[in-house]
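Two complexes are shown next, each including chain A; its partner changes from chain B in the first to chain C in the second.
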Partner chain A sequence: MSIDLSQFFEVFFEESLEGLDAMEAELLNLDPGNEDMETINTIFRAAHSIKGGSGTFGFTSVSDFTHVLETLLDQIRDGQRALTAEHVNLLLKSVDCLRGMLAALQSEQEPDLTEADEIRKRFEVILGFSEDTNSCNSDIEETKSENTYQIDFKPHPHLFKTGNEPLYMISELAELGELETQAFYDALPDIDSLHSEECFLAWRFFLTTTKPESAISEIFEWVEDDADIDIVLCGGLFESDLSDDENNTHQTPVLATNEIQAERPVSETQASAPITINTSAVKKAEPKKSSDSSVTSIRVGIDKVDSLINMVGELVITQAMLSQIGEQEITESTITALQEGLAQLAHNTRDLQENVMRIRMLPISFVFSRFPRLVRDTSQKLNKQVELKLLGEQTELDKTVMEKISDPMVHLVRNSLDHGLETPEQRVASGKDPVGTVTLNAFHQGGNIVIEIMDDGQGLNTEKIRDKAIANGLIQDTDELSSDEINELIFMPGFSTADEVSDISGRGVGMDVVRRNIQALNGSVEVASAPGVGSTFTIRLPLTLAILDGQLVKVAQHTYIIPLISIVESLQIDISKVSRVGKDLDVLRLRDEYIPILRLYDIFNHGGAIEELDKTLLVVVESDNHKVGLLVDDLLAQQQVVIKSLEANYQKVDGISGATILGDGRVSLIIDISGLIKLSGLKRPGSQDLIVEQNAVGGAA
Partner chain B sequence: MSEHNQQLILEGQHDENQYLTFMMAGEEYGMNILAVQEIRGWEDVTAIPNSPSFVKGAINLRGTIVPIIDLRLRFGIADNEYGPLTVVIVVAVEINGQQKVMGIVVDAVSDVYSISEEQAKDVPDFQDSDNAEFVHGLVNVGEKMVVLLNLESVLNLE
Partner chain C sequence: MKKILAVDDSASMRQMVGFTLKKAGFEVVEAKDGSEALGIAKQQSFDAVISDVNMPVMDGITLIKELRTLPSYKFTPLLMLTTESGLDKKTEGKAAGATGWIVKPFNPDQLLAVLKKVIR
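Right after this comes the complex of A and B.
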């Protein structure tokens, strides 16, 4: 009857992590001294399921740790102990610690218990398990002296059917201290009517232990509803109790201590085994992101699945219709029917595609949910008072995008807390509410999702940014820049305005990495700021990474795809406005701008393309705020393309972001604009400016 | 490492392995048949910009993008007009820990032989040749000599 439990591990980890998230969220809602019982219950339930699960799967380190946590919560729940801010902090710490332990177990490593042990000790101090704090200890059960308890345990007949085994409970009891056991079997029916799946036995235990009563009731917790349990503290001697019993109840006690006591040493060694392993220092298990992503799963609403099933049903009907037409002789009328069928098929396919994409969509609250904690911890560290507002939490976006946007957002929020918001004193001095506000807002706009990170702090200090940029050589002190242009500078590599480097932000690698990560998702980030009023960072992202609107272009005999989102305009070149810069670079003057012309056939080394500028077309694209023109032979159709990886079976190709399959089954490559600009040699390594623009500036000066 | 593994597996299997052989410029080459996924006729490919000359391009293999390598050009043999016998052998190999599916263009598919590892071990000293790393072993089958290829290095483009 042994079941391979490991198949349920993933579920356990997922549920436990969810439980921890819930705990964390609720803990942040707690207001010590004015706590909501329902909140505490929720936290308790989460802790309790984690403990139960980890116990079942044999992760004793987790269940032992959760146990102390749960004991404290239990006391708070029962009103035996008042919740303090210290408790909340400690509980939050233990949530982190549990996450670490689970991550370690998930990657099949032994968790590092030093932190856990430390937290557990602090819990035990609070709970009064150790001698040095007797002051706060009001419960008699929690004294260090030995007590003898009389435990009557009379399971209901259906106990076995609930999957509980009394023997395990008894051996657990035996681990607590000296145990004497009596079994009562007078309820046993005749052998004929005896049902092997029902429990007719009852027990009485005498347990001499230093542990509190709660430790005993804990053991019976799972069977509370399936048995009569009575735990009484008996101060007197064991023997007298026993004799009393015999006189009073006239039942036949059977001493069954031998078996249980024989088991004790065994279970004790078992219990101590993990500890010896734990002490042999195991390196802290960092959750392996790469392996994680391969096993993650998402929960999908049943409505989404139902609508998918409906659509597949329609698809099957359309397919049946089409194959029926295919079997008929081809006449005028079958062709009409075929065309209708194909139109229907196209419709079905599009619907199905949209709905399959919806499966990957999750509400952004998955990302937002980590911020309350982050804001709390960071603002404490910075001694600032911050209120976090979350808006549009139900806005959905692709899971992959969500995973990748989380880190840049953390960075932006930290920046707002560290640089944006002022200290309470400064705020009061400038006539603001001492409590600063950081708002996260998400909404859909066209085919994009927009995430705004707003703070009502001091805004970006344009003077400081300008000075810094000049000092770093990013701009010349003669350059006239608008404040928006100056604000843009913070996204340059190696830029940081923090007066001193803190561990929260200000390492100077920040904003350019944020921008690069967001651009890697085909998104953009902008900043708007007003001095003294606050700043807003706006992130725009495509809803999904799997599909892209593309413009098909012809270069020699090859078809390439340019992402429609980056195309500014397409035009025929007016040859009189083209001038040659340097050795072989043509520049088109388009209105007030100079657009460098990149000859795609040249960059991609394709022969046989049209080389005369006046016979070709120029597609003006924008990337990293720079416009370039791509020279193509012809513009073909615009269509949605499904992005396929070229790297999976080949390798990264410069200037190409991926591949797709066209309607005729051929492969076509998707152009990566910023990669292309680098490949063309227009952008000097480490520089943000295109060479042409620098030349233009030089020419003007 | 994979070669070492391969040998371990071979020892477990009566020391014998099946090799698919193919012709190229009159020579017969063999590759472990377990790596072969399918054999297709030559079809037009989509060129990959700035790739080495032996990378002919990419094809759509039932929704997966698969690069096509011309083995003649890879080995520096004069290239050939593609004819009706020209085939693409689609293979799955592990390169730097990643499973990759690639197609290789050869003149024609020839035969399948069972070859024991003992026989294949006879590798002459190729130190001077650029292509030495591509060769896993040489083996005589009847009158003919077959060059057994080390696909991992043949298809490792880095």
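Right after this comes the complex of A and C.
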């Protein structure tokens, strides 16, 4: 039977990567010298499963490598060896190495084994020997000559209770060659003491076969301890005496052993051959799997699926009810029933929508779980003592958002460790606990998820930031800025606080990139800091990228959608506070700020819109920390809209992030605020020019 | 149709074993650990049980020990999936009442060949 093993690869990769995550988490929990047995067991099981699976699916490089890990863990588990910090470090390295190997295999490439071999050697040094990882799995090979064996098989009475069945063994023997069978029933007791669950029979077989003796002993392998088994080679010489008395058969073993010994090396070398053939066959099968390696899957709890099925059931009932009403004559009572039915339908749809969204939601612990390792490694490198606290790990978040938030978070945590926390000496000197604390906290707030990264370090150095900003020309030395405004400067492009680039946080990626990445997810990031007490970075993200809370606005005869999260306020324009800058830019003085006014009808080339400023409405939106006002004819409803990709269905359009379909079937475009600002010809907010321009306006007004 | 209970904590192994057996014409029920398997085994009857040894919650050896004490599993073939390094596991398994073992790694054909020893 041929079974294409490649169909199980994806599941194997997924569970192996999960196993590695579990291993890593447990390894970080380990306290050498005081280890918990269950933790060791969990780590062992993960390694063991990866080894078993990779061996079965033909990834020999992985299974060979895991083998040494497993051996070491097994010895620790059995108490033969004490766990040391060196072991933990090496095991953690192996986890990384295995991740790399699996990733390579997943994309159908040969993994780079240099690191693996190096780690393996270090394991072998620890283990004190170089282990032979060749498994000698016995596939039966034909030998050239035909031999006859005499097999005496006398099961012990309890044989049936092991679940073995002599009849099947005999038929297996018969498959090996020509079989002659004699049954002995002398041990059978008289009917009174006969126990139906016990075996009293014995057999003698003569088997003429081309297979080696190992093929025969393999049949009886499972019952070696549950029966007397005697296999002897009769050899051609004795063939004529076969059916004779037992004396002859007692002499045969002497001759037989010689021949068997001579035969053994042959059968062993041959035995390994079929295995290599198998693996190469599997490897050849791999490339066929083509592009679906990029298809990731998601594990969904059965309860979520059940509740979906339940809701679809209700939807079907509502649909049946509605179509029944539709068949009736329209009277006042049917209209009432219809309205009720529609309300029911709306309810069902909303429930269904929420639950479908829940499928994509995963607990944020998937992201948090990588931080213990990161903090451990980084703090070792920096010689700082750090305690990591994780809060709200069960807070759920859309899978896509989760994947994209991970890197910005890593950057922020590294930053806290590197710049935020002081060295133990500094901490003691300022009367703090030498061990610094970094806290990651996640919780839901409205339709958003909030992630906080807190440290109890020295806080942001406002003096230094201010000086740096002046040196970089971001602000002028005459500017009066509050400490919050100064802290905000770290998110400006071209700003880096580190005097020299360290390999921890200075990776050429500034905080501006962090902010931009978070904003690309429709989120925001802020910092609050107090000198000597610590800093808190707060990331706010929408729960999902698929649905957006939108404000519908009217521009000429068109409806556009502005993401609610970016709207600061909407107002009627007080014409006396509008001034014109340059040729055609109007700015509105709103309290202490100057808001550039962008005329949407102008940008999108719509005729027939209201052009008089005092008859229209201004929606003030914020992007990249700068505000602009969008001129619209009217504000319509606020609603949740499902985002459809424009790029997938049409092409990328500047200033537009996507589209949605409205209740009346019309397509409405969703405005991409930062893209729109770029499109409108205003300088990128946050750049020096815009600020200078605004300051100039301030001076003029 | 002969019915087999396949127990393994690794989803890929479970799928592979399950798929192979189904293709060979067996009815297969899968369980992810010993405890789940024991619960299932008490409610349905099986012609054979194939179980991994190292599993969370309840390992394969304990499962086999527990199954053997049940009257309906007195003679049922109970097979363990072990790795080549688990030689002492084989002895331990036999003592617990295992019928035999299948050595990992194995391919679908090897699995079916071994199964022929106890179920036809």
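The criterion applied here is as follows: the second predicted complex is superposed on the first by the 519 of 701 C-alpha atoms of A that agree within 3 Å, B and C clash if a C-alpha of one lies under 4 Å from a C-alpha of the other, contacts with A are read in each partner's own complex, and residues count from 1 in each chain.
We take it that a residue touches a chain if its C-beta (ideal position, glycine included) is under 8 Å from a C-beta of that chain, and two chains touch if they have at least 3 such contacts.
Please read these numbers as outputs of a predicted model, since none were measured by experiment.
**Q** Check whether A:63 is in contact with chain B, with chain C, with both or with neither, and answer first, second, both or neither.
**A** second
**Q** Taking the superposition as given, does A:558 touch the first partner, chain B, the second, chain C, both, or neither?
**A** first
**Q** Which of the two partners, first being chain B and second being chain C, lies in contact with A:49: first, second, both, or neither?
**A** It touches chain C, and chain B stays clear.
**Q** Scan A:604 for contacts with chain B and chain C and give back first, second, both or neither.
**A** A:604 sits against chain B, while chain C stays out of touch.
**Q** For A:165, is the partner it touches chain B (first), chain C (second), both, or none of the two (neither)?
**A** second
**Q** Any idea whether chain B or chain C touches more of chain A?
**A** More residues of chain A are touched by C.
**Q** Going by the contact rule set out at the top, does A:650 touch chain B (first), chain C (second), both, or neither?
**A** Once the two structures are laid over each other on A, A:650 reaches chain B alone.
**Q** Once the shared chain is lined up, is A:11 touching chain B (first), chain C (second), both, or neither of them?
**A** second
**Q** Could you say whether A:415 touches chain B, chain C, both of them, or neither, answering first, second, both or neither?
**A** So A:415 meets neither chain B nor chain C here.
**Q** With both complexes overlaid on chain A, does A:661 touch chain B (first), chain C (second), both or neither?
**A** first
**Q** Could you list which residues of chain A make contact with chain B in one structure and with chain C in the other?
**A** none
**Q** Name, in rising order, each residue of chain A that touches chain C in their complex.
**A** Against chain C, chain A makes touches at 1, 3, 5, 7-9, 11-12, 14-15, 42, 44-45, 48-49, 51-53, 55-57, 63, 67, 70-71, 74, 135-137, 139, 160-165, 168-169, 171-172, 197, 219, 221-222, 225, 278.
**Q** Hey, which residues of chain A end up touching chain B in the complex?
**A** 558-559, 603-606, 644-646, 648-651, 653-656, 659, 661, 665-669, 679
**Q** Which residues of chain C touch chain A in their complex?
**A** Touch list, chain C to chain A: 9-13, 15-16, 19-20, 23-24, 52, 54-56, 68, 74-78, 81, 83-85, 94, 97-101, 103-110, 112, 116-120.
**Q** Enumerate the contact residues on chain B facing chain A in the complex.
**A** 44-51, 55, 57-60, 63-67, 100-102, 157-158
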